[in-house]
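Below is one structure, written out as structure tokens; the observations come after it.
Each chain gets a letter, A, B, C and D, in the order it is written, and its residues are counted from 1.
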Amino acid sequence: MQEKITFSFLGGDIRQRECASIIESEGHKVKTFGIDNILGKDITVYDKLNETFFNCDVLMLPIPYKNKKGFINIMDEKHSLALNDIEAYLKSDIKIILGKADNEFRKYVDKYGFEYFDLLQDEAFAILNAIPSAEGAIQLAMEYSDITLHGSNVLVLGFGRLGKTLARMLKGIGANVTVEARKSEDLAWVVENGYNGIHLSNLNNILSKQDFIFNTIPFLILDRNRLKQINTQTVIIDLASYPGGIDFEAARELGIKAKLELGLPGIVAPKSAARIIWEITKEVLKI
Amino acid sequence: MQEKITFSFLGGDIRQRECASIIESEGHKVKTFGIDNILGKDITVYDKLNETFFNCDVLMLPIPYKNKKGFINIMDEKHSLALNDIEAYLKSDIKIILGKADNEFRKYVDKYGFEYFDLLQDEAFAILNAIPSAEGAIQLAMEYSDITLHGSNVLVLGFGRLGKTLARMLKGIGANVTVEARKSEDLAWVVENGYNGIHLSNLNNILSKQDFIFNTIPFLILDRNRLKQINTQTVIIDLASYPGGIDFEAARELGIKAKLELGLPGIVAPKSAARIIWEITKEVLKI
Amino acid sequence: MQEKITFSFLGGDIRQRECASIIESEGHKVKTFGIDNILGKDITVYDKLNETFFNCDVLMLPIPYKNKKGFINIMDEKHSLALNDIEAYLKSDIKIILGKADNEFRKYVDKYGFEYFDLLQDEAFAILNAIPSAEGAIQLAMEYSDITLHGSNVLVLGFGRLGKTLARMLKGIGANVTVEARKSEDLAWVVENGYNGIHLSNLNNILSKQDFIFNTIPFLILDRNRLKQINTQTVIIDLASYPGGIDFEAARELGIKAKLELGLPGIVAPKSAARIIWEITKEVLKI
Amino acid sequence: MQEKITFSFLGGDIRQRECASIIESEGHKVKTFGIDNILGKDITVYDKLNETFFNCDVLMLPIPYKNKKGFINIMDEKHSLALNDIEAYLKSDIKIILGKADNEFRKYVDKYGFEYFDLLQDEAFAILNAIPSAEGAIQLAMEYSDITLHGSNVLVLGFGRLGKTLARMLKGIGANVTVEARKSEDLAWVVENGYNGIHLSNLNNILSKQDFIFNTIPFLILDRNRLKQINTQTVIIDLASYPGGIDFEAARELGIKAKLELGLPGIVAPKSAARIIWEITKEVLKI
């Protein structure tokens, strides 16, 4: 890579901070606004937004770019910056990398004709992010439990990206892994990988024997009825997007340890998560 | 499984013979026509087709059901039995399990309204069959070579069903595995699995270092130009459907050992292949 | 196992508590002294030692049986019970399972002629305990770091029991594992297992590239000189028995995160550690 | 490696031929006697032994150096060369690499004071040779069987070098691996590695369920009595040194497929075997 490119980071969390550092260390120019505690020879920190900040090749927005209040996701709570506040700087020759482009965002795309890339729509990004998620889940399972994963019966609910990665790592540590799936082709892959496979319809038969359960399915799979089959010693970790796949109230009443864990990549391995953003960004920009 | 079911096997290869034996050993009734050397307490061998033969719950046809001449695939070459020869026995209450249902076949389906299941259209069947194919390919690679797979540089072209299974087994033996793929999501999975990944566009850079190359891609990927990069010591095994992905004439001229290997499951592990047919059949019949 | 046996647990830590529970759950009788928070239908808790407590088939002492002050290892700090305090109860027909039988202990063995088994002298016990130690080390490495083990360069110093188990698990998660060893046969095993091998004499060449270093060697291997080669981002976990293999003062001065972690099985997975005690005990007693 | 060294190869099998080629390709000088079909710019082929042939830094003798008749192991049957035939050329400054130094050989060592290295006494050599042996055994098992190793029940008798390597590869392919051992520490390692462990004393309970049995134990472990428990479909491969660990006569009578396979490295992967000789030789010579 020869060409020196300028990246402007507007907001984000610790992943954006790490990503900015990586980009600088690879010889590019970086400008930031709204990212705390960042330092670097080729990093210019802006405390207000202006023409110069937006004078860049690529504008990096947060992932997702908006917070729950509809403002751009910025660490520092006091900021309440909306997309239309920066409209003046959106030009046809800017490229934007962000997460969760929505209708409001696409309105500006249509208006100004700039290019953008939505990381949360990218399959490769999602696959690579399953790695820190799975490791984070394993770390938490180790912390919550007083037994080893090695030699334990571990159930993974779902065989999508996260389920596949989790199952592989857990088997690699030495757990006795069972994977629940519904599609016959997923169950065929489960056999090929050497895990025990169980169809959803037979799930109840094996719940009582599990030491750990990792859920990756975003619907209520562990309802009160199924939770009743589960040993109170079992550690349950729910990784499915909010509201998860477990009846947490029932779990509490039954005395079962169940935790909902979201956003693990940014929490347990922000540097790896930043590197993934950067890898995909390089591919998008063909640099 | 309580219910006793009657299966009639019409033609097929060694997989059907093994499958018939498995089915009988699990307590069902079996009738066969056109399968050599089969014996069993509950197997009735027919030397001509009649009403009694077709008096069954499930008719098992070959995979694929037709040979190149358009006749039903029967071991014994002297048979030249076509689908319309058995039309009289096709009734609405028969179930047919076969491979490669074509327009001719579907014409009869429409006419008589019977149920059928095409194994070659089933994803789970294809995934499970990748297992004996991959093992067969590994066996052949071991036979053709005077070095071990352990510690060797092995390239797998393609990351579909067969590529995934091959890569997993080769790494399990101890090879240093590189996988070629084109889609960025496939390359993300390659990273997740811990193989070296290479995009098709960079393939030429690594060809000279490979000790073994397994091709699973059904287009001319190893053309004369790429073959020229390859060491004459390298063993190449082509597993892609005919005509494969290698310029065999160029390989011969360049002194490179390249072999096209098809139909491995039936050749190297017919019993495992038969068991896969039976597993899917049970799932289809819900028994 | 039919026979009902009586085990008296004198002191110990959380592993003994868990072990007592497991033993009771398998149908034996248990008596305890000096173990907090234990409850069970067939567990009798003694608050003072007497003839009845010692009326047992097997006396379970702590691992190691003595604390630093030379007293029997009992959770409750107020106890200062020495071996000679219980001399009156040592008889030829008692069996003792314990850790670290020393000269004082063996004096009583000679005097009274009872059987004993020193778990810390047992190779199988040590191998099995490497499992929770390795998992604990992995959990800590995950906690201390902001990157994933998957895809990281990980160095394991030493290829004894703990080194072997650690290397296997780390590779199973997806790390790029290098093992340092000195004996050529150990390096041959490293090759066989598919890790990168490095001889101690070449260690300095690769230190700067490691993201994680796990030490299992009980001598000063990472001295100030070698620490200078190591990146300040590297996480170092020292698992070698006190005082470990790292110059911690130099590490602190150089800004390197290095942690000494001992007794991990009892801390991170006391139940698994208890189960190992029980498995070996059953083998010793042939029950 | 800068220094150019002269190696004289006296006899041997295909491994020595390959080894001579490797050594030449790494820039050293090679002389050969009694090795067929060898060619190379820096290889001088001698058809009779003389002073010039022995004018070398290292004399490479076969592994083992003697054949059954007591002559030096030379491919060409017509040679009947004994050690005392070359006595005149043994000097104090020669170094000899060979296999199975016996009393006769050591007599000359004592007399002339030259250095030698017995590869068959070297633990690292034996460990590395287990790799081609294990791969060869797997290749043969695949050839002899009509089922896949993946998903099969596979029993490995013994957990020495070959047993360890075999078990690891078989699990890597996807077999369900059980390992028989006698020492409790070996069984602890079996648990750590995630195989099923079985003590010799319980072996009879599981014999009937195995699809493949690999023996590595050099005593009669599969006697007529145990063979009677084994299914006639089971493929047995005996890798223990002659006469192996199986009652072959009983196996034949019982209709069980059992094969004794020796010297696999030289047969299935002579180039890898040659490379191992070279790696150890370099280590011995510190080049």
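The definition used in the following text is that a contact is a pair of C-beta atoms (placed from the backbone, for glycine too) under 8 Å apart; a residue touches a chain by one contact, two chains touch by 3 or more.
From a predicted model like this one, the values you see are computed outputs, not experimental measurements.
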Joint neighbours of chain D and chain A, given as chain labels: B, C
Hypothetical removal of chain B, resulting connected chain groups: one piece
Longest centre-to-centre distance from chain C, chain (CA-based): B
Comparison of B-C and A-B by number of C-beta pairs in contact, larger one: A-B
Whole-Å separation of chain centres (CA-atom averages), chain A against chain B: 38
Whole-Å gap separating chain B and chain C, where each centre is the average of the chain's CA atoms: 50
Per-residue overlap in chain B, given as positions that touch at least 2 other chains: 131, 150-151, 168, 174, 191-192
Touch-based graph of the chains, sorted into line, ring, star, complete or other: complete
Contacting residues of chain C [partner chain B, same complex]: 150-151, 174, 191-192, 194
Chain C residues within the chain A interface of the complex: 18, 131-132, 135-136, 138-139, 142-143, 145-151, 168-169, 171-174, 268-272, 275
Residues on chain A engaged by chain B in the complex (per definition of touch): 122-125, 127-128, 130-131, 164-165, 168, 184-185, 187-189, 191-193, 283
